[in-house]
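Just below sit the structures, each encoded as structure tokens.
Both of the next two complexes hold chain A, though its partner changes from chain B to chain C.
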Partner chain A sequence: MIKSQSTAKQRAFPGLFRSIHPLAVMVIIFAAFPAIPLIGRFLSLGTEVVIWSLFALGFNILLGYTGLTSFGHGAYFGIGAYGAAIAFLRLSHSLWLCLLIGTLVGGLFAALVGLIVANKRGIYFSLLTIAFSQMFFFIAFRWDEFTGGETGLTGIDRQTLKLVNLAVNLRNPIAYYYFVLAVFALCAVIIWRIVHSPFGRVLRAIKENELRAKYLGYNTEAYKWAAFTISGLFAALGGSLYTFLINSAYAFGLEWVQSGNVVMMTLLGGGTVSFFGPVVGAAIFITCRDLLSAYFEHWLLFYGLLFVIVILYVPTGILGAAAKLRKKHKG
Partner chain B sequence: MLGTLMAFTLNGIVLGLIYAVVALGFTLILGVMEVINFTHGVLFAYGAYLAYTLQPFLGFWLSMLVAPLLVGLMGLAIEFFLVRRVYGQNPLFGLLLTFGLSMALEEVIRMIWGRVGRSVTAPAFVAGSLDLGFMLYSRYRLFLAALAILVILAVWYFLMRTPYGAVIRAGAFDAEMVMALGKNLPWMRSLVFALGAVLAGIAGVIAAPIWSIRPPMGTAILMPSYLIVVLGGIGSFWGTIIGGLIIGISTSISVMIFPRISDLVPYLLMALVLIWRPRGLMGEKSILEV
Partner chain C sequence: MAIIRTENVTKGFGGLIAVNRVSVDIHPEQLTSIIGPNGAGKSTFFNIITGFFKPDEGRIFFRDEDITGLPIHQIVRKGISRSFQILNIFEESTVWDNVWVAVQGSLGYGKELLGRVEKLAGVEEETSRIIAEMGLEYEGGSQVKYLSYGEKRLLEIALALTTRPKILLLDEPMSGLPADERRRISAYIKQIAQAVTVVVVEHDMDVVMAISDRILVMYEGRILASGTPAEVRQDVRVQEAYLGAMP
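On to the complex of A and B.
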């Protein structure tokens, strides 16, 4: 239930920040991250957070705005990762080209699956998205010649980026962090525009009452297909960026656990109530996972229970709970 | 060649029958509660692990009775304390709740039984192989197939021929009306969830001697269950059985013919069936689509 977006953004960023666009605030916070002592040292974690934020923000077009629960978007993230890796190894070392190819390939697969699932609803929709994502996982896992099978693809390298007359050495982790952040900022603006456009309004109408939207003359299946494909494109871009972060691509990236993770992030942060929910969720989720896995042998136990607790006690996510608290506080 | 084909087909039928038992429990919970139960696979794994632990003490028959009942109790607890709270809400919640829970429960398996694989020996009275006239075939697999068929028939009888079954089927059709008619819906739902868990448990116990018992075995059987349900049609009893057999046989034969893509064949079948019949082979328009 995304009510009025303008009030939501004001509630999320009170006081000092009110006059600045919330998107800008978000980017500034991320940009300051490497400068923060202690935390700033975990730069690759930071880059991972930004990449997953991009993935989750795009995914929320489908989950939060259209109300469709895809449990298979990890596949497009993974296909994007492979697309970029294969383009790098076989075609060109240009970062731009590899990212573009990865994004388009992942988006293409999403578009194809979208054709089959767009007219399905509710649980049936989820069931099918799971099944298709697992199908892609097995293809990636078995097609040794192309995807490296179990061992995956390695030996990818970030090349120096030439911007006009400035050469940026992306092998430097900080440079890559800011590169990813720049891509993320651009995408965040695009996603913001998408969900606040007339197109986005139709998506919300579909979420509220698909039948009514249909009777108003909207081809709801085409809209659902478009939402599915667009979120798949952003997932694939995230995957492509991820390939260049870890300089490799693995079939694991396509697994359904990844799909579950992105749904969880989106929900955990409050994607159903706020535009920025997925970003908050990604930051907390990735950090939690990292901490848990560093300190506990059986961390998956806590990790799994985290899902249970969130669903039972904070189903509207952190921003949703925060808004509720503030409302209570006000009276 | 023909002999090998026969053997693989028979293996496929046995596999398909186990799949069908697991998928029956899965589709029952899906149909009545509208929850995609991710814990179903891990309950299957618990069935196998409990069989491994209990058999040295209780023997084959008794542990075959006790292990599924214990799994049923687990299912009951999961429903009563957790899943019950998300009924009627966004289907996403049930999905994520059971998804997280299955990860946690799988980790509990690793904590109790360790990461290494275990194995269960088949009981002595069905050891060795039987001469079928045209080939020799494992006695245990035949015994397993017979057990699975018995379980399937028992579930069919329960659902289609008893008053309890009628209430459950009605509940899947129109829960509110069933409540209005004075049936205790919450209890019925608990019962269905427990029954689904028992089915997963039974499948785990009887499959244990021919399965590699490892912590991720539960996740591995979950996918065939989805495929079967999608392939056969949600909420269709015989669709689930037929779907199970199709997936079992096609997996087994593709292992023989093109082993590299054997994992993939069931998915291709599903995609084909969906394009041809969007609701699955025997699926009808159901409440799940709204």
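On to the complex of A and C.
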């Protein structure tokens, strides 16, 4: 019998890398980044790319695998950022604890919102996610005593990380880059396992035909809630790591623009057809944002245009288009 | 004991009463067909029994248990499964993946967040068995959208069967099929009816008369008549409302 066990390994990286697991290839590329001439010295930018890649990979569980378009996941990134910042300023300077608290708080908010939105479909689902994200943004923006309001929370510092007998000074940008990369690698493995698990198969079934999935006996609303919450957890972890990158947390992290950015990254890279699409999208998006904003005052105009082009002409994103070209080339 | 019993089930859409105080018993180990002209309420009645619509009034019982208003997945788990008038399968997936996800659910898997699909006991064997039973073993890796319409119908029925139903409701399974495919599907339905209670909504009277043990006739949202094929064929009200004079 001809089975259809997908060989994502082969699809993602042809040629030289075929025998290596694609996740390993991705981590090796990121690990080599600081050594790349010219761009390797922009470590802060590189760290941001890795953080957004983590956010987008987690977000793609919802968008690419379950077929639910949330325009509000920036909120959980922002809540995660605040959770870590508040934990640092009021509770403990332990990086691990702050990351854990930030992630859990953001994930908790996602779980609560997920309970309300999981049974909604299409535009109603998307609109509700925006509504909640804007609500959280305004609360964060106005609640001066707790969130610092317009000025945000500052004074967060990366402490020395103790790993058994090893002390790593995370104030060093290279050390923090590799720390973030290690967290990212671990999360990427977890996300890979999730989307290729029996649970992930159900998510794909829901994306393709939710009614049939229901008539196979699956409680699709529970699965959608779980996908929403899990993606919220990864968003919040990304936000927590971001707090320690910029040593602060701001309400703007919760704004709908952040939510739009992660959607854009996921679609641009090809998250609807490839596991690695969000990573490619995040890398291009963040890098172009820095380059364009350095030269053009109205750089957002280019982004709007890019979004229109992707939606109209390359709906499967860069990796989707590349796969099509490769297929065409093979005949 | 009836496997499905409805009591005064009513469903309206705006000013239209699609199903009007319908009370029927569906008996186990029988192949029951529901016939009637377009708009008689047959598919709406199916949709109410299977949880797609909630009735405005009335109750639905499955083996004497009230299942009115239960969500679809719970109704399916109790043992009620269905196919649709318009094909309802995973069109973009392969035959193998369609059956796999159905079998995975029927064996109680699907919540394993970090589990490996290849380690699910029995799923691969059961998937292979079902595909072979459908005669689609050489199409396992093909995307469903490239199958013939009849093969897709067959697949849809197979998906409905993977949930191990006690009763299977088939909504116009012959719709859009050429004659040879009709023969194939009706033979398959008769084979299924040996083990599972089957209810069919169908317009093809040759098929209905050939396969049914009992026929319910719906007209303007109500049950107009019921009986064996011979009884229904001779019923004057049925002839006037739907069949016309039959030889």
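Descriptive notes on the structure:
The rule we apply is simple: the second predicted complex is superposed on the first by the 322 of 331 C-alpha atoms of A that agree within 3 Å, B and C clash if a C-alpha of one lies under 4 Å from a C-alpha of the other, contacts with A are read in each partner's own complex, and residues count from 1 in each chain.
The criterion applied here is as follows: a contact is a pair of C-beta atoms (placed from the backbone, for glycine too) under 8 Å apart; a residue touches a chain by one contact, two chains touch by 3 or more.
This structure is a prediction, so every number in the text was calculated from the model and none was measured.
Of the two partner chains, neither chain B nor chain C is touched by A:Ala24.
Within the superposed three-chain model, A:Phe199 lies in touch with chain C and out of touch with chain B [touch as defined at top]. Between chain B and chain C, more residues of chain A are touched by B. Of the two partner chains, neither chain B nor chain C is touched by A:Ala182.
Within the superposed three-chain model, A:Ala32 lies out of touch with both chain B and chain C [touch as defined at top].
Applying the stated contact rule after C-alpha superposition, one finds that A:Leu291 touches neither chain B nor chain C.
Shared-chain residue A:Ile174: touches no atom of chain B or chain C.
By the touch criterion stated above, A:Leu112 is placed in contact with neither chain B nor chain C. In the superposed model, A:Phe71 makes contact with chain B only, not with chain C.
The contact sets of chain A with chain B and with chain C never meet.
By the touch criterion stated above, chain A contacts chain C in their complex at residues 1-4, 190, 193-194, 196-199, 201-202, 204-205, 208-209, 211-220, 226. In the complex of the two chains, the chain C residues touching chain A come out as 50, 71-73, 76-77, 81-82, 88-94, 96-97, 100-102, 104-106, 109-117, 120, 128, 131-132, 137-142, 159-160, 162-163.
The touching residues of chain A, counted against chain B in their complex, run 63, 69, 71, 116, 119-124, 126-128, 130-132, 134-135, 138-139, 141-142, 260, 263-264, 267, 298, 300-308, 310-312, 315. Against chain A, the residues of chain B that register as touching in their complex are 30, 34, 36, 82, 85-86, 89-93, 95-97, 99-108, 110-111, 223, 226-227, 229-230, 234, 260-261, 263-264, 267-268, 270-271, 274-275, 278, 288-290.
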